[in-house]
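Next come two complexes built around chain A: one with chain B, the other with chain C.
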Partner chain A sequence: MVKHSPGEKIQITTKEGEVFEGIFIPSTDKNTFIIKLDNGYNIGIDIKKIKSTKRISAGKKLNVFPSLNIKQSEGLPSVSVIATGGTISSRVDYSTGGVTRLMEPGQIFSLAPEISKIVKIRKIEKPFMIASENMDPDHWVKIAEETAKLLNSDDRGVLITHGTDTLHYTAAALSFMLKNLNKPVVLTYSQRSTDRGSTDTALNLKCSMHALLSDVAEVMLVGHAEASDSFCYGLRGTKARKMHTSMRNTFRPVNDKPLIKINGEGNISFISHNYNKRKDAEKVEVDTAFEKKIALVKYYPGADPCILDYYIGKKYRGIIIEATGLGHVATDNAKKSWLPAIKKAVKKGILICAVPQTLYGTLDPLVYDEGRKALEAGLLYLKDILPEVAYVKIGWVLGHTKNFEKAKEMMLMNYAHEFNDRITPDMFLF
Partner chain B sequence: MVKHSPGEKIQITTKEGEVFEGIFIPSTDKNTFIIKLDNGYNIGIDIKKIKSTKRISAGKKLNVFPSLNIKQSEGLPSVSVIATGGTISSRVDYSTGGVTRLMEPGQIFSLAPEISKIVKIRKIEKPFMIASENMDPDHWVKIAEETAKLLNSDDRGVLITHGTDTLHYTAAALSFMLKNLNKPVVLTYSQRSTDRGSTDTALNLKCSMHALLSDVAEVMLVGHAEASDSFCYGLRGTKARKMHTSMRNTFRPVNDKPLIKINGEGNISFISHNYNKRKDAEKVEVDTAFEKKIALVKYYPGADPCILDYYIGKKYRGIIIEATGLGHVATDNAKKSWLPAIKKAVKKGILICAVPQTLYGTLDPLVYDEGRKALEAGLLYLKDILPEVAYVKIGWVLGHTKNFEKAKEMMLMNYAHEFNDRITPDMFLF
Partner chain C sequence: MLDYEELGFKCGLELHQQLSGKKLFCNCNTELKEGNIVFTIKRKIKPVVGETGEYDIASEFESARDRTFIYQGYEGESCLVDVDCEPPKKMNKDALHTALSVAKFFKLRIPDTILVMRKTVSDGSAPSAFQRTMITGLEAKDSKIETSLGDVKIIQLNLEEDACKKIDETDNVVTYSLSRVGIPLLELATGPQIKTPEHALEVAKQLGMIFRSFPLVKRGLGTIRQDINVSIKEGTRIEIKGWQDLRTLPILIENEVERQKFLVNFKKFLNNREINTKPEDVSYLFKQTRSKIIYNLLKENGKVYALVLPHFAGWFKKEVCKGKTFGREISEYAKAHGTKGMIHSDEDLSKYDLTQEFVKLREHMKAGNDDLIVLVAEKEKMAVNAINAVLERAKYCLKGVPEETRVPNHFNATSSFARPLPGSNRMYPETDQESIKVNNGLMDEIYIPELISERAVRFEKQYNLNPDIARQIAKEYYEFEELTKGYKNVEPKLIAEILLNIPKDMKKRLNLDINKLTYDNYCELFSYLNQNKITKTAIVDVLTDMIKGEKINVTKYQNVSETLIENAIKEIVATNKGAPFNAVMGMIMDKYRGKVDGSRVAEIIRKNL
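For the complex of A and B:
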C-alpha cells in the first residue's frame, strides 16, 4: 500500500468495491485508516478491508486558525475571553497532525467578523487548552479565578470558550464559586467544527457577545436553541445539561426554562425574570474551596451496595446517588438493600444524597414507604437538582465545612437557582 | 399531643400557624408526622414544628382494592396478566397500614370497567409483589419464564403490571430474553395512584389491552403519551426510559419514535412499521442466561479510574461506562486518565463498553483524538444504546459466552432494535 502523509487528499477502494475520498488523518491505531470526508465527518476503515489507496492531491496547508487583521474599535464595550480548549478554540492542522490554538482576537473575528462591531476584545486568557473530558475540579478553580480577575476590571462581561462534553459541569462549578456575581459570565462552544458547513461557531459567538452586554449577571451557557441556525438560548449554569452527542441544540434546560433568547443581531427577549441584575460597580468574590473526595453513583437493579463501602473505605466525604423514580434504592431485597450501607456511611459522617435519575421532575421521599425508609436511613433528598450539578455542589459544600449538619443544611440551600420550586409541565423535554 | 390512628382524618396546626388537613398515615420515622392531603399528595411535618393536632373524623375503611363482579364474556379474546407490584397493582389500606394486592380479574375491571368488553382475563400470575426499585436480574428471569408460559397458550398476548421506577430495565430484559416472540408483551403502570383524581391507571390499562390484540409481536411499554389523559404510546422495550419523576407521560422514546399510538377506544395508528408481526401459531423461547457480575459506571470530571480496578478486583466480567459527548473519558490528565485502567481490564478479558451519557444521539470515537485513543485502549463503542439497556444487554450477553471476542461481537449485534441506524432530529426530546 502507498504511504500517505497527513493532509493529502486520497481515494480508498475497499475489497468490497466501495470508494471513499477524503483528507488522510494520522491515526493512533495502526490497523485503522482514517479520512475526513467532504461533509466534515471522519471515517475509519479497517486496514484489512482496503484493496488500494491513491493520492488525489498533495497535502495543502489547511489554514487552520486564520486571523482577521481588524483594528479594534476603541468606542465599543470591552469584554475578555478565557479560551480553555475544545472544538471552538483549537483546530487540527491535517498537514502536520498538530493542533493550533485560539490565541488572539483576530482569530475570533475570523470566526464571526460581525463581532468586531459588537465588542472590543481586551484580553484572551489561556490558562490551559484541553478537551473538556480531561477537565477536573482543579481546572474549574483555575477558570473561576481567571474569571473573577477579568470581571473586576472595566470589562462588561467574560466569555469562556469550552469543549462541550463537560461544559455543563464547569458552568455549575462557576455558579457556586463566583459569589456576588456582578456581570454576565457566558460559556460557549462549537458542537460542529468550523470547517464543516453545519458549524455552529459563528452564531454561538455572536449571541454570546450580545449576552455579555446584557443586564443578566448570571453564569449562562449560550448556544443554539434549535436544530437550525436560527437563534440561541442563554441557559442557567445550574439547570442545563448536554443532552445529545452531536446536535447543535444539545444543551437543554432541565426543570427550568431558558433565561433569555438571543439572535445574531442582538435582540434579546427574556423568558425568565428570575435573575440577578448587573451591578458593574461591585466586585465579584471568588470562593473555590473544594473537596475532591466525592463521587457520583448510579443506582440500578442488581447494583451492589458494596460500592458505598468502597468509597467509605477510601475516606470519601460525600456521595451523590442517582436514585430511581421519586428517590428510591433497593430497600427490602435482603442481599441487595442499600439501606445498611447508607446508614453505615451516615454514621461515619459521610454525606449521602439522592438525585433524580430521570433528570426531569423532583424527588419526594414521602409518597412511598420505600422512600420513607431511605429518608430515615439518612439519605438526603436533593429535590430537582441535576446529578451533575449535585456532584459539583457537594464538592463545593464539603470544601466549606467539616460539620455534617452544616453540610446537610448547605446542600439544601438554594445558592445558584440549582433548585426550582416552580417546575411546570412545559419544562419537561424543553 | 393526641394519639391518632392510621386512616383518621386529622387537622394539624404548626407553631408557625399553618393548618393542614388530611388522612393520618403510619410513618416509619418517629420524628415525622405524615398525612395524605385531599389532592393525593403526602406531606411530612417535623413533629417539633407541630403545635396541636385534632381528629376531624374517625378512620373509615378506605376500600382499597374493590372488585367488580362481572361475568367474563367467553366470546372475547383471551389475555393473561402478570402482576409484579408497584402502584398499579397494590393499594395501601390506611385504616390498617397494610397493603392489599391485585389478585383477581374483577379488581382489574374495577380499575377500568370497559376492559371487560375488550378481553377475557384468563389468568393473573403473581410471581412476587414488590416495588420495582427492589427488582434485580433474578426477577427479570422469573417474569420472562412466566411470560413465555402464558404466551405459549391460546392467549392473544400478555400484560405485565409493574412499578414505574425500573420498568424500562425489565422491558429491556424481556426484549433480550424472549426469543422468536410470537405475540404482544405489554408492560404498563400507574404513575399516579388510583385514589387520585389525576390517576393514569384506567387509560393505561385500556390502551394496553388494545395493544395486546394488535399485530405487534414486540415487548412494548404502554402508557400516557401526553401530560393530559388523551391517548397512549406503545414504546419499544429497548428504546424507552423513565424521564420524569411524577408526570404521567414519563416514559419517552430515546433515539427512536413510538411504535404505535393507541386511544382508549382501541384506535391504533402505526408510527413505525419496523416491528415483528404476530405469529400466533409459533412458540416463543425463553433464553434467560444472565451474568450478574456486571456494573454501570458514570464518568465525570474528577472521576477516579480506580473504580475500574475495584470491579476488576471483584472479578466483574463486564462494565458499561456512561461516557461524555461522542464517547469520551479522561485520556491525558496524568493522574486521572482512564486509559490504563481500561487497558488493564481488557487484558484480563473484562468487557468494557461506552454508552452516551447524553442519552440522545450516537457515539463516534473517530471524530476526536481522545476517542481514537480510547478505542485503541479497547473501549467498545455501543453507538446509540441507552445506558440502562446496555447494562441489561451485557449481563445477557455474558450469560451466553465466556469468549471475549464472541461477547464483543454479540454486544454489537442488533438483537432487539437496541441500536437505531436511522436516528432523525425529531427523535431528540420526543
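For the complex of A and C:
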C-alpha cells in the first residue's frame, strides 16, 4: 500500500469494489485506515479489506494551533506570559492526534481576541511545555526565576498559563519564592479544551489580563468563579486548591475568601483588602533555595507507620502528615500506633508536621488526648494550612536552614498568608 | 400545480428520530418530563478559530450577535456531562445497537471503525458548542427504499446527540432546557431523488414507519423531526431544520419552492442594476415625530437608521410565498440582530404615525418613486448591525437565493432565516471517546425487527383481525402478541378490541380519563377474562372502577347462573303480561348489568316470551 502523509486527499478501493475518498488521517491502530470524508466525518476502514489506495491531491496543511494576525497596539500596557503547558496552551492535532503547543501572541489572541484591546503581550517565555502532573520542584524554581526576570522589566505583570492539576502547588511555590513582590503575578488555566466554543479559556484570559493591570501585587490564581461564564475570582496563591476534576470553577479558596472578583469587562471588586499594593519602581527578589527530600503522607485508618520508617531510612528531612479531624493519627490505643515512628523521626532531626486532611478548619491538638500525645511525640501542628501548601513550604523552609529549631520556627511563621488566624463561617465551601 | 421537473426541483430529507432509554453519553433519563429545575448555567459561546486559521462563518455570525445562553437542568434529566462540565461517559450501547440495526436494515455500509466527532454548533443549542455525532452507515449500492415514484436512496445514517430545546428568547438572552440535549438521535439522510412535495410526504411516512418498528425508538409529538433540503434550477440548496408536522410537509416544501422562484424572478427584474446606497443616521429628522415608539426610543438615546433600496418599491408588498410578504422575509435578517423588525415604505405607514416623516425622508434621501426606504430604530449598535444586514441581504437579491439555514414556522408552513450555512471545517474528533470497532462479535448482537407493515399483515392473518385493527395494533401495541400468549382463553380479537377501542369509546361516552389505565390494569383485566371470572359485559365496568381507583372485587361482576336469569325472566314475564321483548330485556339488564352476557339474555327471553 502507498504511504500517505496527513492532510493528503486520497482514494481507497476495497476488495469488494467500494470506493471511499477523503483526507488521510493517521491512525494509532495499525489495523485501521482513517479518512475524513468531505462532509467532515471520520470513518475507519479495516486494512484487511483494502485493495488499494491512491493519492488524489496534496490537500491543505492544517493549522493546528490557529493564530490570529492582530497588530499589537503600542499604546497599551505591556505584560508578558510564561507558557508552561497544560490544556490552555495545547491543542490536539486533528491530523496526527498529537498535541501541539502555544508559541506566539497570535495564538493567545485566537483564544480571546478582546485581549488585544486590553494589553500588549511583550514576550511569551516557554521554559518548558509539560502537563502539570509532570512537574516537580525544579520546574517551580525555573518558573520563579523567569517570573522575577519579567517582573523586573517594564511589564505591568506576568501571566503564567499552566495545567490545572498541580497549579495550586506552583502558585504556593511562587508565593514563597518571590520576595518583595512588586507587581501582580497571575496563574490561569483552562479546564475545558480551547477547541470548543464553550471553553473557559476566553473569560479566564480576559480576567487574568485585567488582574495583571490591577494594583494587587500578589501571586493570584485567576479563573471561573462559577460554573457559568459570569466572572472570575482572583484567589490567593497559598489559599487555593483544585477541588473538582472537571468543572470550570474548580479552584476554590480554602479557609479564606477570594481577594478579588473580576468580570470580562475589567470591573474589579475587592473582597479582601489585605493584600500588597503594586510598587512598580521596586525590584522583586527571587529566593528559590529548596530541599527536595520532603514528603506528603496521608494518614488513614489502618495506615502502616512503616511509611515513615521508609522516609527516615531514605534520609528525608521533612514530612507533612495529613492528619484526621483536629489533627490525629493512631496512638498507643491502636494496633498500629504512629507515635513511635514520629518520635524516631524527630529524634533523627526530621521535621514532621500535621495538616488538616479535612482541608477546611484549623488543627487543635489540645482538644483530645490523642492530639496531646502526638504533640508530645513531636508532631508540629500547622493550623489551617493546605496540605499542598505545607508540602511546598517545608521544602522551601528546609532549603533555607539546617537548624531543626529554626526550621520549626519558620514553619509557623506566616510568610505568604498561608495561615489565616480569623476563619469565618462563610469561608466553608465557598 | 407546479411542474416540478420543469423547475429542476431537488429535494432530500433528513429524519431525526429520538431514542428512548438513557442519554447517549451520560446516565440521565430521556423522559422529557421537565420537573424541578435543579441547576441553571449561563454561557457565552466563543467563535473558535478552525483548522485553517479562520473563523467559521456561522459561529462568527453568532458571536456578532453577542448573545448569552441560559441552560436549565431538570431533576434526573440533566447532569454535568450535558453542560460540558464533565467528560462524556461511555457510549450508550443500546442506542448504538439500534443505530447499527437500522443501518443494517437499510443495507448501508457500516464503517469498520466508528469514530465519534464533534460538530460545531454555534447557536447555543449545545452547551459545549458542539454536538457529538458519528456515522453508523454510509450509502451503498442497495441502500434505498422503493416508493411510488421510483427508488429513493438512503445516503447516510448518523447516531448523534439531540440539541437543547429553546424555552425563551429575549433581546440577547436565549434560555434553553437541558432535558433534550444528549438524547440519542438517529439522523437518516435520503438522496435528492424526491420528485414532488407530496412524494416527500410519502417518503417521510415510510421512513417514519420503519423507524417506529425498532423497539428503542420514541413515539409521539416532537420525537421525530425532519430537515428538508430543497433547491430549484437557478435557486440554491436551502436547509429547513426541524419540521415536526407531517401533514403539512408538502405545503412547507411548496412554499420554499415559491420563495426561491420569487427570488429568482426578482433577480431577473433587478437585472444587475447596482445597489450602491448606504445606511444613514437620520435620527434628527425624527425629533418631532408623532410616532410614540420612535419618540421614546430617541429619548433613550436610540438611533434611527434609513436605507434606500433602489428599484425595490412595490416588491416588499408582494408575497414570496403563501402567507409571507417579501418585506417580512427581509425583516428577518434585521431581527437576527435582536431588533423587533424594520419599517419600510411599502407598508401602511399611518399605523406607525410615520406618513409625514417618510415624505420628508424620501426628499432628504433623494429617493425616487421606484425606490424603497427601510428604517430601523433601535439602540445604536443593534440598529447599525440590523440595517447593514438588510443592505447585505438586499444586495444578494442581485445574485438570487442566498445559501442559508432556515427554521420553520409551523403555523403557516413557511420558513425564516436562521443563520448562514455553516462552513465545512466544523467537524473534529471527539478525543474523550474511544473508537468503536464494528467486528463480528458486535454485529452478532444486532438484529432487525419485523417491520410494522409486515407485522400488520401477519396479525391480520394469524389472529383474524380486520386490516385496520391489525395495522393499528401492529403500530401501537407491541404487547399485543405477548398478551395473546399469556391469556390463551381470551380471544385475540377481544384483546385487540380492549387495547384499541374500548377505552377510546369510554372516553367519548363516559368522559373518563383513560390515561390512568396502566399496562398492569389491562393485565389484571385479561387475567379475570382468562379465568372466566368475569364476562365480556363486565369489561367497561371493571375498567371504569380501575380508572376511579376502586378496589376490584370480581364477585361484583361475577356471572349470574343462567338458571337464575331464566327464573328472573319467567317472573317478569309472569307479572308483566304482554310486555314486549325490549321492556323485559331492559328490566333484566338493569338488574344484572356486568354480570350477564346480553346476547345470552336475549336468547333466553325469546325462548320464554
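Observations on the structure shown:
Here is the rule we use: the second predicted complex is superposed on the first by the 363 of 430 C-alpha atoms of A that agree within 3 Å, B and C clash if a C-alpha of one lies under 4 Å from a C-alpha of the other, contacts with A are read in each partner's own complex, and residues count from 1 in each chain.
Definition applied: a contact is a pair of C-beta atoms (placed from the backbone, for glycine too) under 8 Å apart; a residue touches a chain by one contact, two chains touch by 3 or more.
Here the structure is a predicted model, which means the values were calculated and not measured.
Of the two partner chains placed around the shared chain by superposition, chain C is the only one that A:E18 touches, whereas chain B remains out of contact. In the superposed pair of complexes, A:T199 makes contact with chain C only, with no contact to chain B. Applying the stated contact rule after C-alpha superposition, one finds that A:I45 touches chain C and leaves chain B untouched.
Of the two partner chains placed by superposition, A:M413 touches none, neither chain B nor chain C.
Of the two partner chains, chain B is the only one that A:P356 touches; chain C does not reach it. Once chain A of one complex is fitted onto chain A of the other, the partner contacts of A:I56 are absent, as it touches neither chain B nor chain C. Counting the residues of chain A that each partner touches, chain B and chain C differ, and the larger count belongs to B. With both structures placed on the common chain, the touch criterion links A:L366 to chain B but leaves chain C unconnected. In the overlay built on the shared chain, the residue A:A289 is in contact with neither chain B nor chain C.
Residue overlap on chain A between the chain B contacts of one complex and the chain C contacts of the other covers 29, 34, 41-44, 92, 227, 245-247.
By the touch rule above, chain B contacts chain A in their complex via residues 27-29, 34, 41-44, 92, 130-137, 139-140, 163-166, 169-170, 227, 241-247, 249-250, 252, 292, 294-304, 306-307, 310, 314, 322-333, 336, 356-364, 366-370, 372-373, 375-376, 387-388, 391, 395, 425, 428-430.
Considering their complex, residues 39, 41-53, 59, 80, 83-87, 109, 111-115, 117-122, 127-130, 133-135, 138, 140, 156, 158, 424-429, 431, 435, 437 of chain C touch chain A. Contact residues of chain A toward chain C in the complex are 18, 29, 32, 34, 36-46, 49, 60, 62-64, 66-68, 92, 94, 97, 110, 112, 192, 194-199, 202-203, 227-230, 245-248.
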